[in-house]
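Multiple structures follow.
In the two complexes below, chain A is the common chain; its partner is chain B in one and chain C in the other.
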Partner chain A sequence: MGRVLKKEDYKKFLQLLKSKAELVAPITTDMTRFEVVEDIDDINLEGGNPFFPIKKYFLPNKETLLKIKNGNTKVIEKKPKKRIIFGARLCDINGIAILDKLFLDHKYPDENYKKKRENTIIIGVNCLTSPSEYCFCGSMDLKKEAYDLLLHEREKDYYIDVHTDYGAMLVKHLPEDRFDYPLPKTEKKLDKKNLWPFFADKYWEKDNDLCVSCQRCTILCPTCFCFDMYDRVNPKTGDGERLRKIDSCHSKDFTEVAGGHVFRDTRLKRYRHRVLHKVQFFEDKFDRSMCTGCGRCIEYCHSKIDFVTTINKFIEH
Partner chain B sequence: MNSIYQAKRYRITDVVEQTGDNIMLRIKTRLNPKPGEFVEVSIPGIGEAPISSASYNNKVLDLNIRIVGNVTEAISKLKKGDKIHLRGPYGKGYPIDELKGKNLILIAGGCGLAPLRGIIEYIDQHRLDYREIYLFFGFRSPDDVLFKDEIREWEKVYHMNLSVDEAMGENPFNCPVGFVTGILEKAELPVNNTEVLMCGPHVMMEKSIRILENKGFHDNQIWVSFERHMKCTTGKCGHCMINGMYVCIDGPVFRYDEVKGVDE
Partner chain C sequence: MSSSSEKKKPRVAIHSITGCAGCQLVIYFIRDKLLELLGEIDLVAAPMIKGKNEEGPYDICFVEGLVASQRDLENLKKWREQSKFLVAWGTCATHGNVPGIKIFMDEKQVEEAVYKDKSNLTGENTPLKPTPLEAHVRIDYRISGCPPEEIEFLRMMQHFLMDMKPVVYNEPVCVECTQREIKCLLEDGKECLGPMIRGGCDALCPVVNHGCTGCHGPLEDANIPQMLKLLKANGIPKELVKQRLQKYAGAKFEELGADIR
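And then the complex of A and B:
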């Protein structure tokens, strides 16, 4: 079930969103980023896929997990800000569905993530054309999930796909409609295949020669979640916090154990690990790819390393 | 609000100096991890370190701490009566209760003995459930032998094979000098109805497995424990991941046929 928003009512709708909570949306300055909306006229859906994925609102670069006081650790009771994310694309939204699998895991749900998830409304926009030549989501079996509402632009109006009760409440004043919106199509495609036969170093050497381990790919990936945990305290009082910081499997010390041994001791091993985690390991476990085809890891790579082209060239002997 | 990262505070009831770089903490707790499982030990302000349980009982928890990093260094300065933070237990340990009625071969190198000590404590409590118990423990030198008093006790009741790589003139245990794998190679062991549980340096485990395979053991009779730096311990942070497997929740103990030949 969905609703219909007339094009002339689009701004009114954005005003409504802005009145409900902190509104973040793509805003173009030097480049397009998700930022807090001061003026709804600043919102720009035509600026390509924003630089950072919406992951940053759920797994920020750095956050406090526990407070440390008088030699004890204490859980933070503070509620996160109520926030509406407007203008996220299906690649980023699917990324959240993938993060949910780990961070809302039944046995070990991550409270920090869960609280942010509960206090954030996601309103997507469907891509009618690929925002960038690097997009390949059309081959990644994206699902219509993890958003509250999603706008699909039609000739005369927007069809709003309603996915949650909160989303339904936001648009209950609009006329109903039923429409199965099409998923985005992309020219670039990942030729999905079983990659276990291509584990050998020789398949990854060419990409590895170009990689400088800058970790941009993992930072900008909508699903890269690896993190480090460490304590930071005031040396005088001993009080401080236990923090989580986004980490990258591309860093050399990522698999280091006490004593100095590094398990993934070459750049090739680390590069292969990232790619295979995205498109093989995760799929083995959860029956879906961890890559959503946003293309950022290629677009923003210093050397334009393109794992999609690399994999597409693999031929089984 | 709960947090999966929140640790609880416990009292250290004893600190036993083991060797120059190993200490054993005895902590009053009913956490009682199963053999092979581990806890995340921490001092708020310093950090956390994953340490496997070296005991099996619901009164105290023994942790053998090898002093190698900044956290273990700080832990080594703690004294009897001090407090320490623990969360856990985590991971999949040795399936010791599923191995009843079998002969067991335990192979450890260095501080790999710690989790196996938990198994022995379990066996001590359920001795009639198991058949023959063979122990193969290797250390660098007599000074490096962990749980010295217990080893003398175990010698009396189990098939104990202790060895040191180098004796440097003194050999209070009167044990053979050489790698423990050499002792394993010469040992006569029952292959049928036997399971092998091991923990230690990667090289030692690989060598032991080759020797066992030559003796006719199958990979599904062998259980190995992997070392990784688990940080979140809840199958998230990625630090302990090997090709999609999380050592913290899928391991640290694996049946060898499931991880044989894993390259990363």
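And then the complex of A and C:
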């Protein structure tokens, strides 16, 4: 079930969102980023997919998990900010659905992630055309989930798909409608296949020669979540905090274990692991690809390494 | 943590050889946190701020600067013998830095330009090929930077004091730069060495729209051939790239296979 928003009421709707909580949306300056909205006229949905995916609002690059005082540890019980994310695209939203699987759908949910998730409303926008030539979400079986509301632009109005009760409350004043909005189509396609037979393929090496291990692909991936934990402690009192920071499988230190052994000691092993984790290992385990086809890892790669083309080539020889 | 007060305080030294002394200043400028730290350590030698300085043994000895004279070498060897842990502090100590550019130039010419009177360049003043510390002695930990970040000193001291193996930040500049959502200069067709340089600086230069010039030196596993291709593709003149690579860590870049002669 959904609602209908007339085009002339679009700004009124944004104003309503802004009045409810901190509103973040794509804003274009030197590039497009999700930023706090001061003026709704700054919101720009035409500036391409924002540089950093919305995972930053749930898994920040660095966060304090607990405080240590007088030998006791205390989980921080700070209330996360109430926030509305407007203008996220389905690739980013599916990314959150995948992170939910890992951080919520478990006997031991991650409290920090959970609190942020519970205090955030996600309002998506459907892509009518691909925001970038690198998009390939059309091949990634995106699902209509994990958002509260999603706007789909039609000729004369917006159809708002309502997915949660929170979302329903925000649009209860709008007229009802029922419409099965189409998922985005992309020109770029990933030819999905079982990659195990190609584990040692020489094409990995071609990509690997181009990789500078900068980690931008994992940092900007809507589903990369690997992290490291460490303590910042006053050596005298023992008081301090435990922090979690985002790590990357492209870092050599990532697989270093006690004693100094490094499991993935070459760049090739690290690069291949990232790709296979996204489109093979995760699928083997959860029956769903971890990649949502946003194309950021290709678009923002210094060398424009394109794992999609690489995988597509695997049949040709 | 009552044990820390019963434990003997570690004897710490902050020594210096040829360099601008800026790396030491970073430590002294920490102020509040340094004063707090001074309660936990015995700063037995710090010639820049102390009148009376003790010889070793030292538990931890920070050395800034590079070996450029006979005296430097003798001091360094002495401190190595006297220290349990020797930390190379700053890019001069880890990579040779700006004084290391001399290895790409004519030695005599450089000396003529710098010294009007070369008659006292004998004995302990005898110039040596400018080299980082590890060319002469074993180094336990390296913290590069021109100058290094104060957090790196504090983090290392925290680890030492808690009997942990110190962890030194070892990711490229791109990590912090991308996390801060800065528009990529390299992608923009500009000059930036970020991907092959050790970060920890919170992308200090890219934040103000200036490409990374590499003051932390290269990462051990940097893909230098590909980086040179990227810079070439951006139209950065070969001569300029050579100069950039020679500037902070020329010897290291050569060792890693870059042709910068």
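Just so we're on the same page, the second predicted complex is superposed on the first by the 309 of 317 C-alpha atoms of A that agree within 3 Å, B and C clash if a C-alpha of one lies under 4 Å from a C-alpha of the other, contacts with A are read in each partner's own complex, and residues count from 1 in each chain.
The rule is short, and it goes like this: contacts are C-beta pairs under 8 Å (C-beta built on N, C-alpha and C of every residue); 3 or more make two chains touch, one makes a residue touch a chain.
Worth saying up front: this structure is predicted, and the values here are computed from it rather than measured.
Judged by the touch definition given at the top, the superposed model places A:Phe51 against chain C, while chain B stays out of reach. Contacts of A:Gly238 after superposition on the shared chain: both chain B and chain C are touched. With both structures placed on the common chain, the touch criterion links A:His302 to chain C but leaves chain B unconnected. In the superposition on chain A, contact of A:Asp9 is made with neither chain B nor chain C.
Contact with neither chain B nor chain C is seen for A:Asp42 once the two complexes are overlaid on the shared chain.
Number of chain A residues touched is higher for B, counting chain B against chain C.
In the superposition on chain A, A:Gly259 makes contact with chain B only, while chain C stays out of contact range.
When the shared chain is aligned, chain C comes close enough to touch A:Cys214, but chain B does not. With both structures placed on the common chain, the touch criterion links A:Glu63 to neither chain B nor chain C. Look at A:Leu276: by the touch rule set out above, it reaches chain B but stays clear of chain C.
Chain A residues in contact with chain B (one complex) as well as with chain C (other complex) are 71, 230, 233, 238.
The residues of chain A lying in touch with chain B in their complex are 65-66, 68, 71-73, 75-77, 102-103, 105, 107-112, 115, 199, 225-231, 233, 238, 240, 242, 247, 249, 254-259, 263-264, 269, 273, 276-277, 280-282, 284-285.
Against chain C, in their complex, chain A makes its touches with residues 30-31, 33, 51-52, 61, 71, 209-216, 219-220, 230, 232-238, 246, 248, 251-253, 267, 300, 302-303.
Contact residues on chain C toward chain A in their complex (touch as defined above): 1, 4-5, 36, 39-40, 155, 157-158, 161-162, 167, 170-172, 174-175, 178-179, 181, 183-184, 186-187, 194-196, 219-223, 226-227, 230. The touching residues of chain B, counted against chain A in their complex, run 1-7, 9, 42, 44-49, 66, 68-69, 72, 83, 85, 227-229, 231-232, 234-239, 241-244, 263-264.
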